[in-house]
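Just passing along the structure, written as structure tokens.
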Amino acid sequence: MKIQVDYFARLRELRGLSSETCITEAPTVGDLYEELNRAHGFGMDREHLRAAVNDDFSSWNRSLCEGDRVVFIPPVAGG
Amino acid sequence: MKIQVDYFARLRELRGLSSETCITEAPTVGDLYEELNRAHGFGMDREHLRAAVNDDFSSWNRSLCEGDRVVFIPPVAGG
Amino acid sequence: MFRLQAVPIDCAALNRELAAPGAGALVSFEGRVRNSNEGRSVDRLEYEAYPGLAEREMKRILAEAGERFPLLGLACVHRTGALEIGDVAVWVGALSGHRGEAFEACQFVIDELKHRVPIWKKEHYTDGDAEWVNCARCAEHAGHRHPSTK
Amino acid sequence: MFRLQAVPIDCAALNRELAAPGAGALVSFEGRVRNSNEGRSVDRLEYEAYPGLAEREMKRILAEAGERFPLLGLACVHRTGALEIGDVAVWVGALSGHRGEAFEACQFVIDELKHRVPIWKKEHYTDGDAEWVNCARCAEHAGHRHPSTK
């Protein structure tokens, strides 16, 4: 399954890129994060992040679908 | 005793002038108001007004002194 | 800083002047002339101030705000004279490190101003009538409580 | 109205655009870049947004404010990119008939924005260090709680 993952802010810097296409068998958004975290060592616990799929917030246990665009959202600091 | 009385807003319109010099024997600010109210019929009860003497708020029972500048303040509505 | 002025209030310039390197928040309030008040259609307004006491009392209000809230700047300007619908009657700006105190200080100043500062507003209605705000009711009320003195 | 923009925010124009004949109160908030944060001396900032979701979430916040408060206008603009000390990072304006609801709505929008909208701030300190705000602590915290996963 192909999933697009976009990175922002600290995760973008840690990953060293803004976007990538992942080939994954992760069944859920949370599983995908754990897979990427194991691969790249973000050092950020999931409980401090939020997930978004296709430009809206998502639960961690949402099932992934081919072509989904996923973002992991570090603690925000707008304003 | 000569007292200057300045009028603003509704009291200015009711009195028909902005300022006058009163020759009065009224011992206090409150007595002066009652005297002027009897003379001109402002129709405004003292409890809805505040008094000022020499550009600061005053109690009604303040003693008047020669040359004092007195203002009776209708309910304010700034802003 | 407080001033009364008979010319339009330049809110943009006033907001710009409130600046400090440690400031993270500017909260500003513009009180504008509404086209209606308590169900009556308003055509225009007149503001009249008692300058000596208005300035003194506003300085006290600004000083009180400065004691209550850690501010980096606080200012207020009030119009006098004839105003049209949409004109700015009063501007308040509060500058601080963090937003909470800027919101509180700005609201404190405008609330206190409305209660304490000797400025009066005469509303001219579209039906041709005109009235000093707060004052008609006060006179009625006085009459109601003490009919013998009317 | 909400927008993200990489160019300076013209607060004066935005305040002027918020107008209605029934409006008696405009409360506006400018979030500016402070020269210090949590005891560290700040040199400049960078803001980064996730535009698709930032816009969607801000529209929800503005709609929620519109349900809670009787408003005549409500708008917000947030900067992205590099900002210097004193620059406006975010502007919120709330227009209403009376001041109470304008203060509440303005504060509601900026409070919710700070908690919910995917915008991030990287502080560059005068000592040459730089950090994504909220995130260093979060990573430390995560490490502290789960040292084996570090």
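The first chain written gets the first letter, and so on, giving A, B, C and D; residue counts start at 1 in each chain.
Assume a residue touches a chain if its C-beta (ideal position, glycine included) is under 8 Å from a C-beta of that chain, and two chains touch if they have at least 3 such contacts.
In this text, all values refer to a predicted model and were calculated from it rather than measured experimentally.
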Maximum centroid distance from subunit C, chain identifier (CA atoms): A
Between subunit D and subunit B, distance of the C-alpha-averaged centres to the nearest whole Å: 51
Intercentroid distance (Cα basis), subunit D paired with subunit C, Å: 28
Approximate Å spacing (C-alpha centroids) for the pair subunit A, subunit D: 24
Subunit D, residues touching no fewer than two other chains: 31, 110
Interface hub residues of subunit A, defined as touching at least two other chains: none
Each pair of chains that touches, named by its two labels: A-D, B-C, C-D
Interfacial residue positions of subunit D with respect to subunit C in the complex: 11-12, 15-16, 19, 21-36, 85-86, 97, 99, 102-103, 106-107, 110
Residues on subunit B engaged by subunit C in the complex (per definition of touch): 6, 8-10, 12-13, 43-45, 47-48, 52, 55-57, 71, 73-79
Contacting residues of subunit D [partner subunit A, same complex]: 31, 47-50, 52-54, 56-57, 78, 89-90, 110, 113-122, 132-135, 138-139, 141-143, 145-146, 149-150
